[in-house]
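Quick one: structure below, then a few questions.
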Amino acid sequence: MDKIIISIFILAGSFFILVAAIGLLRFKDLYARLHAGTKAPSFGILLLLIGVSIYFNTPVVYIKSLFIIVFIYLTAPLGAHAIAKSFDNKGKNKKQ
Amino acid sequence: MITFVALPILLPFIFIISLLVFRSDRLAGWLGVFGSGLLILLSGYLFILVQKHGVIALQMGGWEAPFGITLVVDFLSAIMLVVAALIVFSIAIYALRFLPKTIRLNRFFIFFFGLTMGLNGAFVTGDVFNLFVWFEVMLMSSFVLITLGRTKEQLEGGIKYMSLNLIGSLLFLAGVGLLYGKTGTLNMAHLAEILKNDNQAILMNTSAVLFFVAFGIKAAVFPLYFWLPASYHTPNITISSLFAGLLTKVGVYTFIRFFTLFFVHDQQFWHQLLLITAGFTMVAGGMAAAAHYETRRILSYHIISQIGYMIMGLGIFTPLAIAGAIFFTIHNMIAKTNTFLVAGMIAKARGTFELKEVGGLFKQSPFLAILFMVPAFALAGVPPISGFFAKFILIKAGLENGNYVITAVAILTGMLTLYSMIKIWNEAFLKAQPANEYASTPFKKLKFAEYFPSVLLGATSILMGLFAAYLFDFTMNAANQLIDPSLYIETVLKG
Amino acid sequence: MKILKKTYYLLAFCLFYLFKLVQSNIYIAWDILTPGKQSNPAFVEVPVILNSDTGLLMFSNLLSMTPGTLSLDISRDKKTMLVHVLYYSDEEQIQNGLKEMQQKIKRITG
Amino acid sequence: MVYILLVFLSASLLIFILPGWLKKQKAILLSFVQFAAFIYFLSHVSEITSYHSKSIFIEWIPQLGLNLEFMLDGLSMVFALLVTGIGALVFLYAKDYMKSYAGTDKFFFYLMLFSGAMLGLVLSGNLIQLFIFWELTSFISFFLISFFHEKESARKAAFQSLYITGFGGLSMLAGIVLLGSVVDSYSFSDWLSNANAIKESNLYLPGLLLILAGIFTKSAQFPFHFWLPGAMQAPAPVSSYLHSATMVKAGIFLLARLSPVLGGTPEWTYIISLTGVLTMLTGSYFAITQTDLKGILAFTTINALGVLVLLLGINTTESIKAAMLFLFIHAFYKATLFMVAGLIEKKTGTRELRQLGGLIKYMPLTFVIAFLALLSMAGLPPLLGFLGKELIYEAKVQSPGIASMILILGVTSNIFMVAVSLYFARKVFLGKPGNFPKQPNERGAAFLIGPGVLALLSLVLGLSPGKLGSAVIKPALSAVLGEVAEVKLKIWHGFNQVFFLSMLTIILGFLLYVAMLKKDKLLIYWKKINDVVFAVQLDEVFAWVMDKFVAVSKLKTKTVQHGYHRLYILTIIVFTSLLLWFQVFVTRSWNFDIPFTLRPFYISGLALVIILASAVSAVSRSRIVTIISMGVAGYGISLIFLYYSAVDLAITQILVETLTLVMFMAILQKLPRFAVLSSKKTRLRDFLIALGFGSVMTILALKAVNVNLNRSISDFYLENSYLKAFGENVVNVILVDFRALDTLGEVTVLTIAAVGVYLLLSKPKSRKL
Amino acid sequence: MEIILAIVVGLLYTVGVYLLLRRSILKFIIGLIFMSNATNLLVFLSAGLVPGSPAFVQAGSGSSAPLADPLPQALVLTAIVIGLGIVVFTLALKYKFFETTGTDDLDQLKKTDN
Amino acid sequence: MNDSISTTVLLIAFSLLLAALILAFTRLLKGPSINDRIAAMDVISIVVMGFILVYSVLINNAMYFDIPIVISLISFIGTVAVSTYLKHKNG
Amino acid sequence: MNSVILQLAAKYLRWLLISFAVLALLRGHNNPGGGFIGGLMAGLAIVYKGFAFNAFQVKEKLLKRPERYMGLGLFLILLSFIPSVFAGKPLMTGIWITVPVPFFSGIKLGTPFLFDIGVFFTVIGVTLLFVFSLTQKK
């Protein structure tokens, strides 16, 4: 049973990360890409972490996973924010 | 007692820390002189110890070789340490008066001690990778030193100096990796023991090539020396002098160490290669020196030319020849630094390094003339100053071993050296001062701190000549120890 | 008592957050994986009613993590926030949704 | 003997610290020192008989065969007497001569040092020691010749003489070492006892040639003679000392010294005699065309040196006897004449023959002295010169083989000498007074002591040469020959072949003189012929060669040190690649037993990503793309590290890579964009070179992987990491414990780099870095 | 796998050298980084590869599976850190140089030779 | 520890991640603005974290858990640094 | 960058990062991490604050500090050598003591640990200097 849950978590996590990458490629402008590039990967990594933590099932791993999750959820939006804020959408900085 | 082996590294380290913490320039000057003075005492003590014991080894951290890093001082290392300390001391004093206002003493001495630390580390370490680390310490310090002052020229020279040397470092590292990959050890003595019994040792040639090129770049031998003339004349003369005496010689030291201790298979190929390189190096450097009219450039090219002699000694590979190479290295370190110091004084007196613009110094300051004469004659090989014996030993070794061509080249290069030295002498000292913007500069009497380093080194050169027997004994012992490294290996591995 | 209450709010908020998260991700995955363009991006200015820094940070992060919104900037006086909306349909609906979220946070941080 | 050298050295140094009143008399003092030495040697003359010699042995560097050996035998005695005796007189002369010049301290210092070096040279019993003194004389003469160093010609001449003699000296050193390796010693006595071994060794000829190169350059033999006239730039005392008794005689000394060891072979005889003859002719031939007093003397010196070399080359008892005697003769008259020439120059302000004449009126005493010396030079009786010439002719007559040829040439050269001597006397002293720049006088008797004594000696010894022969020449002869020889000198030998030759020489010489005097045109034609035949002046050739050499050096330096940074790198890389490929080729037979596999595929994929990223990085025109691809490649490598169990390494690589990227970004905006700077061809070339290097590195990597690693060291780490160093993370334990010294160095590098970066980029407003 | 990695090393060297030979200083520095990465990988590779068993030893337990060789890891780690210092300094130097002279072209750097 | 997860699952996860990596990499190369590249870089760092997590399951070693922490930290700081820089430059 | 959000976050993130870093340092002897990794992380944490607040306008105060960090770090390294000298063992020999801690079997502390802490501080200083120098505004 565990095995199945873990597998699902892992596959789902990977899937969401893939989704993010596709979104990154498909979306037309930076903001849209940021939408894709912020939410999905964080979620994916969350799922992955849960799966892997269950797999190892030791306190240290749980704590570490929690750390990572908190950190990612704290920083991912901030990163997106930083990128978005620094983006000069008046076309001055469109290329390079 | 044995802990003293590590002090050549730790002492500069301690002074780096103090300089980082105490930022006063006044204090920095004192710290610099004091520190390098201590270094002389220390290396002198090590020298005595080595004479008593032959080889002394310190297993760092108490981990026996080949597991930990071993610091080894044998005859060669000891003598190099002493000479380096002497030079470093002279330059510490010299720096007090010759550094421009734009360079703070505190900053200078941080890198100065960094350089010393790397240098001493390279001399005492018995571990290949550790050697790489010390090389980097030394290089990093020299990178900073060469750009200290940030003039356009310096930056340009700095880029060339840095980039070519970095390629050398990378090749060195690759060599270390391959060496470890093939032998599973990094300890030099252990390597020697492994390779001694290895009939496949010829496989090491490829790693040896990498080392050859890496050290060749550091030592500035023929097809690899471009960085040296492009950069040595750009920084302040204090820094040039520091580099001139020390940096390339570390390359030579490692050449000697590696190619006597463990790259001793396939001797024919390596010695041929070394000799060919040596010959070209001598001639290329000597000719280029003849072509120039700027003191620092002449002297820089001379460094190259004289590296050739040292490599030649290694290439002949008899005990006498190696002793000659060591003797030459020591002599050259001292004399070369001294010429740079004097060049600095000339420039200070006149405000330029261009020989065509200066003159008449013999009349104005016979003392300065003598200061120049000693190292210049030493370099030109005038007996009975140190240079003569250095050349004589090499010529003797070359002729007795039947290496006629390289000896002929060496002799002819001696003429080139003479030419350049006479050129400086004629232009700067004998010729009347040409009427130009520099003529009006009044000649200031040299202060004690300005001429003392040069006097110190000059006296050493002369004493090295007069008491050449002792020094030669010592270098001969060093050479014998290098040719037959069993004591070295034994001390490191079982000591 | 207050602490207990806050803890409750926090837990509730976490669940809410988790829900939003899953929702947003499925939404965005759908959008990405299905061909065709549904987005209608726009910039919206949202008034901020939170007055604690922590709360503001939480809000901004949460905003970015929920579907279709991305916090871009907060004005110097911390009164308004610039939000990029991917699926712009009705200004009021968006404003209300965000207000609701802010209130939830305010309950925690005070 | 050693003490004498030390006294000389200290005396020379003492000059600088003498108190004022004594300083004025320094020349007298030094002259006295010289004279004392002369007396010392003279007092030992009786001890030095044919086989008896004094020697002192001081160990210096015995390992190199380099010891201080001083020996005083007949040959050394001859030279020692000349050096000190003439030295004493020259110093006396110089006292007044140098009065009007600045820097006399230096001058006397050099001169004293020089005479000490010369003395050391002739007393040397070890050849390397001899070489040392030899070089010292070369160098000190450099300073002496360049004494008027603000004149460019003086500098040039000094350089020329130093360069030529220095070059000769170095090749001589090589020769000595070469021959020394045969007997494994540089001690002269060892050479002497192993003379046959040396002669039979196949190093003999090269060694001989090299040593002769030294001798010939020093003794101004053809074709190296040209430095000697140039050296006339020196003050007169220097010329009279260097070119009569010392410097140039050093070569003669060595030749005589070595003749028992190396002499007696056909090579010796032919090479040396031929050189001697050529030199002799050159000297006498050019002497006539000179119009400069010192020039004449210089070329007559060359002639005399040629004669000496010739005599030593013939290497018979007679010839050597003649050579020894001629040494004295030449030293006496040449020193005298140089001093006189100096005097004339000093008093009249010129030394051009054309401006001189009728000096007998103003300087009668000088005339007498000069005349005696000139007679001696011309070889007229009853002076010592005559005796010498007789002996020389005798030696030539008896010389084996090519006697008649040599004889004819010898006579010809002497005819010239006679003519030159007479011409000199006539032009300078007789005839109508010239237009001197200064009114000459003869005040200052000290001037005349030196030349006077020497001229007198020429006369006295010429009249009663017996003592000189038995006491001095005989031991010298014995020393050179290596066996006892009898010497009986007398002025009158009876009417034999030699006497007729002498008469013939004198008569023909006189006729030539008359011709020269009467027909100035003759000289002019002579000159013209010279200009055509000897259009190439050797000193100009020397200067030309030096210039060309410098030009070539410049060109070479410009070609090698061209300044194109990337071509430097290219050179280095190509050099490395070639060596590596060569070695790979040499050791090509090795078994490769690692299977090729693409598993696990994700690592293969990763490898592909790295390769792609780096390729993109190499070709991209956009800086951002280049840098980011570089980062991607770096991260890829960190993942490879990770896969192969290097966790700490991977973390570090990631951290460092990110930091690097951030730094790049930080400065990127301030830098210009990439421009297309190189042509397609260049890029292709660079790519091929890079590929060559890269592929050889691949092979190296494979080779290293192929060797089964002896893991004893890492096993030690793995075993003891926890037990002895109390850490589970072995890598970290290595870093902080097993190999903490590496980390120490690493941290130092970082610190230095950080402070360096700060200094490099700190604001310019704080000029103080 | 070693073969592929060896090829990667070779290609990294190729790219590194190619970039070293460019005229732009920036490219030169990037080339240097590539060279340095290649060298690190070479050192790491030549000591042999052991996937999936990092060199961590537990208290008391003798290692059953062969652990990876920790020494080259430590070496490469040191080399990387040193490389960082050097690269940053090079960048700073390059930046300062550009600021002073306004050029990025290495061929302009010919004044200190000759 | 649990009995090991079927490698098939892990390989599928690997493939998904690899695909994500390649796609993100494409975006990285395409740009067009630096900001896009940074965003791509962020995603790549997440992908790498995913790789590491899955790999740690594969070799059954929890030691690798520290690396995602570092990566997340680093990528965030890198992002902020670069965008800060860009902002500074633009504004 | 003058982003309010980033500044808000800085307060939390900095301590989070530094605690990460210290953790990496402390656990380094037994787990991945160590002085260099920890130091770099901590350095970046401080750098982050610099980024968030005064957009590259680094104040004089901040620039003086790195050298002190480096001095402190190097001094600690030096300090770690001293016990081995007094113990009469070769230089740099690790000297360990066991500190009794309740509930644990005792924590081992040793000079290599001190060494690692020295590296930690040095690297902080180095990182700060690097970043601040290179990103300085003209």
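Should a chain be cited, it is by its letter among A, B, C, D, E, F and G, assigned in written order, with residues numbered from 1 in that chain.
One rule holds for everything that comes next: a contact is a pair of C-beta atoms (placed from the backbone, for glycine too) under 8 Å apart; a residue touches a chain by one contact, two chains touch by 3 or more.
Everything numeric in this text was worked out from a predicted model, so none of it was measured.
The chains touching chain C as well as chain G are A. Put simply, the chain farthest from chain A by mean CA position is D. For the interfaces B-G and A-F, the C-beta contact count is higher for A-F.
Of all chains shown, the one whose average CA position lies nearest the global CA mean is B. We define each chain's centre as the mean of its Cα atoms; on that basis chain D and chain E are separated by 50 Å. In whole angstrom, the spacing between the mean C-alpha positions of chain B and chain E is 28. Centre-to-centre, using mean CA coordinates, chain E is 22 Å away from chain F. Along chain B, residues 13, 16, 20, 60-61, 129, 133, 136, 140, 143-144, 147, 150, 159-160, 163, 167, 174, 177-178, 181-182, 186, 226, 229-230 each make contact with two or more other chains. In chain A, the residues that touch at least two other chains are 22, 34, 42, 67, 71, 74-76, 78, 80-82, 84-86, 96. Multi-chain contact residues, meaning those touching two or more other chains, occur in chain F at positions 14, 21-22, 31, 34, 63-64, 66-67, 69-70, 73-75, 77, 80-81, 83-87. Those residues of chain G lying in contact with chain B across their complex are 67-68, 70-71, 74-75, 78, 81, 84-85, 89-94. The touching residues of chain B, counted against chain E in their complex, run 129, 132-133, 136, 140, 143-144, 147, 150, 152-153, 155-160, 162-163, 166-167, 169-170, 173-174, 176-178, 180-182, 186, 226, 229-231, 233-234.
Per the touch definition, chain B reaches chain D in the complex via residues 9, 13, 16, 20, 60-61, 63, 66-69, 71, 101-104, 107, 110-111, 114, 117-118, 121, 125, 129-130, 133-134, 136-137, 140-141, 143-144, 147-150, 159-160, 163-164, 167, 171, 174, 177-178, 181-186, 194, 202-203, 205-207, 209-210, 212-213, 217, 223-224, 226-227, 229-230, 273, 284, 287-288, 290-292, 301, 360, 362-363, 366, 377, 382-384, 388-389, 392-393, 395-396, 399-400, 407-408, 411, 414-415, 418-419, 422, 426, 429-432, 468-469, 472-473, 476.
Interface residues of chain A facing chain F in the complex, by the touch rule stated above, are 2-3, 6-7, 10-11, 13-15, 17-18, 20-22, 24-25, 30, 33-34, 37, 41-42, 44-45, 48-49, 52, 55-58, 60-61, 64-65, 67-68, 71-72, 75-76, 78-80, 82-88, 92-96.
Interface residues of chain A facing chain C in the complex, by the touch rule stated above, are 16, 19, 22-23, 26-29, 31-32, 34-36, 38-40, 42-43, 46, 73-74, 76-78, 80-81, 84-85.
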